[in-house]
Amino acid sequence: MLESISVPSPKPPTRQHRYLSPSIFWSIRQGFPQRLSWLLVALSLALPLTLWTIVSSLQLVPPTFLPTPLAVLSAGLTMFAENSLGEDVLASCGRVLAGFVLAAIIGVPVGLAIGTFYSMDSLFSPIVGTVRYMPITGFVPLIIIWVGLGEPSKILIITLGVVLYNIIMVADAVKFIPNEMINVAYTMGANRWDVLWKVIVPATFPSVLDTLRVNISGAWNFVVIAELLAAQNGLGFKIIQAQRFLQTDKVLFCIVLIGTIGLTIDYGLKWVSRRLTPWADQIRH
Amino acid sequence: MNSRTLQEQTSVRLLDRQAPKLSIEHLSKSYPVRGDRHLNVLQDINLEIFPREFICLVGASGCGKSTLLNIIAGLTPPSSGAVLIDGRSVTGKPGSDRGMVFQGYTLYPWLTVAQNIAFGLQFQQMSKSAQREKVGYFLNVVGLEKFANSYPKQLSGGMKQRVAIARALANEPAVLLMDEPFGALDAQTKEQMQEFLLELWSKTHVTVLMITHDVEEAIYLSQRVYVLSCRPGRVQSEILVDLPEHRELDIKLAPEFVAIKRQVLQLMRQE
Amino acid sequence: KTNAPDNSSAPTAASAPLVSAAYNWVGYSGHYVSVKKGLFTQEGLNVQDLFFQSASEEITAVLAGKADIAWLTSGDAIQTIAKDPSLKIAYLVDYSNGADGIIGRNIATPKDAKGKNAARENVLFEKVLLQAYLKQGGLTEADLKIKDMEAGAAAAAFGSKQVDLAVTYEPYLTKNAKLGGGNIIFSSKDTNLIADVVVVRDKLIKTRSKDLQSYFKAVDKAVKLVMASDPEALKISGDKMGVTAAEVKEQLAGVKLFDVAANKTIAFDKSNPKSLIGNLELTTKAAEEFKFVTQPLKVESLYDDSIVKSM
Amino acid sequence: MLESISVPSPKPPTRQHRYLSPSIFWSIRQGFPQRLSWLLVALSLALPLTLWTIVSSLQLVPPTFLPTPLAVLSAGLTMFAENSLGEDVLASCGRVLAGFVLAAIIGVPVGLAIGTFYSMDSLFSPIVGTVRYMPITGFVPLIIIWVGLGEPSKILIITLGVVLYNIIMVADAVKFIPNEMINVAYTMGANRWDVLWKVIVPATFPSVLDTLRVNISGAWNFVVIAELLAAQNGLGFKIIQAQRFLQTDKVLFCIVLIGTIGLTIDYGLKWVSRRLTPWADQIRH
Amino acid sequence: MNSRTLQEQTSVRLLDRQAPKLSIEHLSKSYPVRGDRHLNVLQDINLEIFPREFICLVGASGCGKSTLLNIIAGLTPPSSGAVLIDGRSVTGKPGSDRGMVFQGYTLYPWLTVAQNIAFGLQFQQMSKSAQREKVGYFLNVVGLEKFANSYPKQLSGGMKQRVAIARALANEPAVLLMDEPFGALDAQTKEQMQEFLLELWSKTHVTVLMITHDVEEAIYLSQRVYVLSCRPGRVQSEILVDLPEHRELDIKLAPEFVAIKRQVLQLMRQE
């Protein structure tokens, strides 16, 4: 079957070899010193803060638009002390949580169905693909009419904003399951239902966690729109309120607070993800 | 002479008056390739495997062995032809009657070794304790008790394949399809697995169709060896292995054995 | 409950709450104080407070039937009534009295505005204000390069010298006039160009006039407290808007509040040159001119002064 | 090495076997009839439209909030004829395109760097993770001051809204490259730079296309916020304008128009993706 | 007796006065496992491979062969010990001097067969036409000319592995490391590849370290065979293959050959 083989004349022994020069900073999937990592994290947070301090202290931008970090901090402390900002944090967290959980409960199963069954793909993809592009603000009047002005309407806005992204990203994740994994199950007597639950769900589990981690920040972006609707509290509420009276220090404090909450959620979810999928390739450290 | 045409073979079997467990009728498969052309991978394959037979399939790389096995398992639809189990068509219908060990590693990374072996058992009405017992037995069989709670990523290549074999066996299929199952095993484990497979086969009702590139292995294990020719894949010839049913490892050194081996190698080189 | 039984107000206060909506504007302090100090409850009313961050959500809620009473600018009120004629203006809350204005750079007279970059929001009360200013120089919006943006953004644009003129309100007005190296060239001071009103459902006026009287009685009390700079009232208003009591007092300097008595004597008195009717005529005309409403509106159909007149 | 093996007594031949019953509708990664697919797509678009027609025709909701499809269509035609809606479509498409291309040009390389190098991960992840949660509206005054009121500020808002999602999703995609693919390159003399360009970039290419497909809808969502900034045209501008005038028919027409544009983009990008990656597993059809 | 202790072996080599091409010194590797425990995979491995030697490594599945090869290639850092090429430490430093054929399939799915084979060439200053020529030659060598423009997904398992071998060979490494490269090949292709490899090796300067589970293959190809023991992996013994350097396929039937084979199998069973 193979052609007759003739070996080339010996190569000149001059072949230059290239080596991978060791590098700590540019290492790819090799160990990385924990200390250096912490240093870089600190740098990454300190740098923008320093820049902010310089720009605002030198008044390169009028303080009305960019107060100093200290001013922002003190505004924040005042808000906590006098304007019960704690309650706002709780209220917004509650809405985000409720809206996001709902978006996960709907989005993950629908996404799995679309990714798994071509029929569900044909059925849902066009509508998901269309509605995803539509600005949520356009639906606010309908939401007010149908759902009213209470908490449910705020939660619904957050859910609507996130659920379509959940669906499309989970559906994409299903594509990456190798055919063999599904075929093995068939040869052991699994039906499609079993394959869905015993293969597709666990196989996509890490991607689903990733998707949720990516999209929870969307939920926080939509909380501002949600709290335009007759809210009496919330971080988004406070931001809009402060904007109305040009209290940039308060606006910035609330934004930084949301960012901090986000960072906590991000690292928390990464940790949870590592915990829940001990079988997945641990690429780092 | 052990080699016969299919015609002869069929008539011999007809005399046996036994219905085939698995039969493949006029099976062809082609893949579309760039442009409007088609790559004929398999052409008019006909073969029958009788209950409790152990059959090996040999052939050059890329001649369509894996494709054939996938079609038999019901996982790939043939372009034409049929696959029958006990006379019933199962073309394109996978099921637990045809267990399969794939060429690549196909363990579920999120399950431990023990859970992987138990995977098929959950689809049977089997108690947890019965499952545990069965898993324990097969862990022992493949020598991986110590790794029961390891995840696949912590295993070597050969160890993974042993788990895959244990998983298929634990599920007690009527026909066991294996695609080069021992390809990744070391010589010693391989021989042990061969011995074990023979023993298992002789004590149970399992019918085996196995792909291998190891001619010695094919002869040692099987009653008949099919040789596939290449491009397109056809059944080139069939060799009857006239050796006693109960075989020891040292049979590989016996002159009858070496004669059959020479014959198979010759047939494979013919094309 | 202090009121005598009346056929026209059959439902009792407890059984049918009044849903009352407002957003954050210092002129609406009367609303905040009534709610927070329990003045409505004292009048035997069950008032449900809806608080919005901007007029558009509030208007949507009113049109969706989720609110019975709404505090709005007269411009928004006109547009809302155009959509739902069963709504009526029943009370004048305030006139902007310097709180809204126009800031400009190198613009001494209205004529100087010609060809300048101007920022303003495409809402009626701002357009009316700008129109009034330009008219003094015989100009219209068409003579300017208009950039349409929300008041805060307009102020920022002026502050960073990207426009020469901006229509905005306090606190943006003063702060950005300085920042942008300009000054306030026109303001609502001593005008009735910008008014805030209370809009009520027609049906409510017919069936629950007593409750509405009680409602405005409570508002009257609150407005008086605010006008008297009652520290508690200022604090309540400040909390609602996220500013200090002192800032509320500062902001109040830019508005002229109306109690029930002033409503009777000024607001609905056509002969008064500073009446609300005058504002409505001006604003309605502008609304038609700017195509904010599709059909011509009769000013008389916009308001119902029966409640305040009966008090 | 292996334990002594004893074979169990023969099993009872009663073992019940389970088969995968053939199914067209519920098929997983098997052929799906193109006709049925088109039928389902049509159904998926017709169903909501029918529902809308019924609800609006029966006036279950006041027409101010939900005009009939016909009214919306006629409003749209009027807008095209009299309000030069075509220009708005072009203006918004231009902004979305510019903002999105910028977000891709920045987001993809940064995402690849974060996914590849642990140092870049330490350096960028905290700030990306934080800023991602912050509502873009909070930055509008700063954008006006620094970037002005022209097209750049609108494009910047779109870019800011999308770029962080691009970064985080591309970084996640890099994780799925098997170690062996990278190792093979090293043993052939590739350095880290080569690995980045010859392995990581092509390996993540399909995921990057997926990511861009997912996130371009985000760009369309942000165009409304962007056109709050001194825009004189654009679909977002038209929506805001119509909302102020309570012209629900116009609002809905613009929204449906955006959805249609989105659907076209979605299917177009899927097609491009299939074209550009002939080597990837074609899971369907 | 062909089996010697490492001590003896080293002294023999010292007499040769030749510097080793590749030497491994006191190499150990352990993996952390659940809890604070460690799994000792390799313990104090010492071995030397001299220029132009062909060495095979055999051992049971899971005893650390792949791990050892990965460490030699510089891809996995050892827990302790060093890897030297021409006396220079390359521990943890992969490079084109040590080409590697992996146990699994590691083709780049986005490159065609020809592009996969050319992958390493782009890192050398080689003209496009020289690359094309080289790729054509190696396509011929592995018998896949017709699949030059196919993508990996269109190949069978064995064909993929042939491409991987061609890719490593085309890159002309100083030491070729191979992890069961012929495991997935059919008997015939395998023998052809073995012959080809021997021919290539005898005509070039390449030094080969190959893992196999086929003892016959190990003896046929190599001058020395290392047997690894298990848990932890250690060099259990070393067998000198005293056969003529130029070997034909039928040498496998020669009595010397069979004797060595018996010896290796015995050593492997000992533990």
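The first chain written gets the first letter, and so on, giving A, B, C, D and E; residue counts start at 1 in each chain.
Operating definition for what follows: a contact is a pair of C-beta atoms (placed from the backbone, for glycine too) under 8 Å apart; a residue touches a chain by one contact, two chains touch by 3 or more.
The shown structure was predicted, so the numbers you read here are calculated from the model rather than taken from an experiment.
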item: Number of steps on the shortest touching-chain route linking subunit B and subunit C; value: 2
item: Chains in simultaneous contact with subunit A and subunit E; value: B, D
item: Chains touching both subunit B and subunit D, listed by label; value: A, E
item: Of all other chains, the one whose Cα centre sits farthest from subunit E; value: C
item: Copies subunit B and subunit E - rotation angle from C-alpha fit, nearest 5 degrees; value: 180
item: Interchain centroid distance [CA atoms averaged], subunit B/subunit E, Å; value: 29
item: Inter-chain centre distance, subunit A versus subunit C - centres from mean C-alpha coordinates, in Å; value: 41
item: Whole-Å gap separating subunit C and subunit E, where each centre is the average of the chain's CA atoms; value: 85
item: Rounded Å distance between subunit A and subunit D, as computed from the means of their C-alpha atoms; value: 14
item: Sites on subunit B at which at least two other chains make contact; value: 60, 74, 94-96, 104, 123-124, 173, 188-189
item: Junction residues of subunit C, two or more chains touched; value: 64, 152, 156, 159
item: Touching two or more other chains - residue numbers and ranges from subunit D; value: 1, 17-21, 62, 65, 141, 145, 186, 189-190, 243, 281
item: Complete list of chain pairs which touch one another; value: A-B, A-C, A-D, A-E, B-D, B-E, C-D, D-E
item: Subunit D-facing residues of subunit E, complex; value: 60, 70, 73-75, 94-96, 98-100, 102, 104, 106, 108-111, 119-120, 122-124, 151-153, 167-168, 171, 173, 177, 230, 271
item: Subunit C - residues contacting subunit D, complex; value: 56, 59, 63-64, 79-80, 83-84, 119, 122-123, 147-150, 152-153, 156-157, 159-160, 162-163, 292
item: Subunit A-touching residues of subunit D, taken from the complex the two chains share; value: 17-21, 23, 25-29, 32, 36-41, 43-45, 48, 61-62, 65-66, 116-119, 121-127, 129-139, 141-142, 145-146, 164-165, 168-169, 172, 175-176, 179, 182, 186, 189-192, 195, 210, 214, 217, 220-221, 223-224, 236, 239, 243, 248, 251-252, 254-256, 258-263, 265-267, 281, 283-284
item: For the subunit E and subunit B complex, residues of the former touching the latter; value: 31, 33, 58-62, 64-66, 103-105, 154-159, 162, 180, 183-190, 213-215, 265, 268-269
item: Complex contacts: residues of subunit D adjacent to subunit C; value: 62, 64-65, 140-141, 144-145, 148-149, 228-232, 237, 241, 243-246
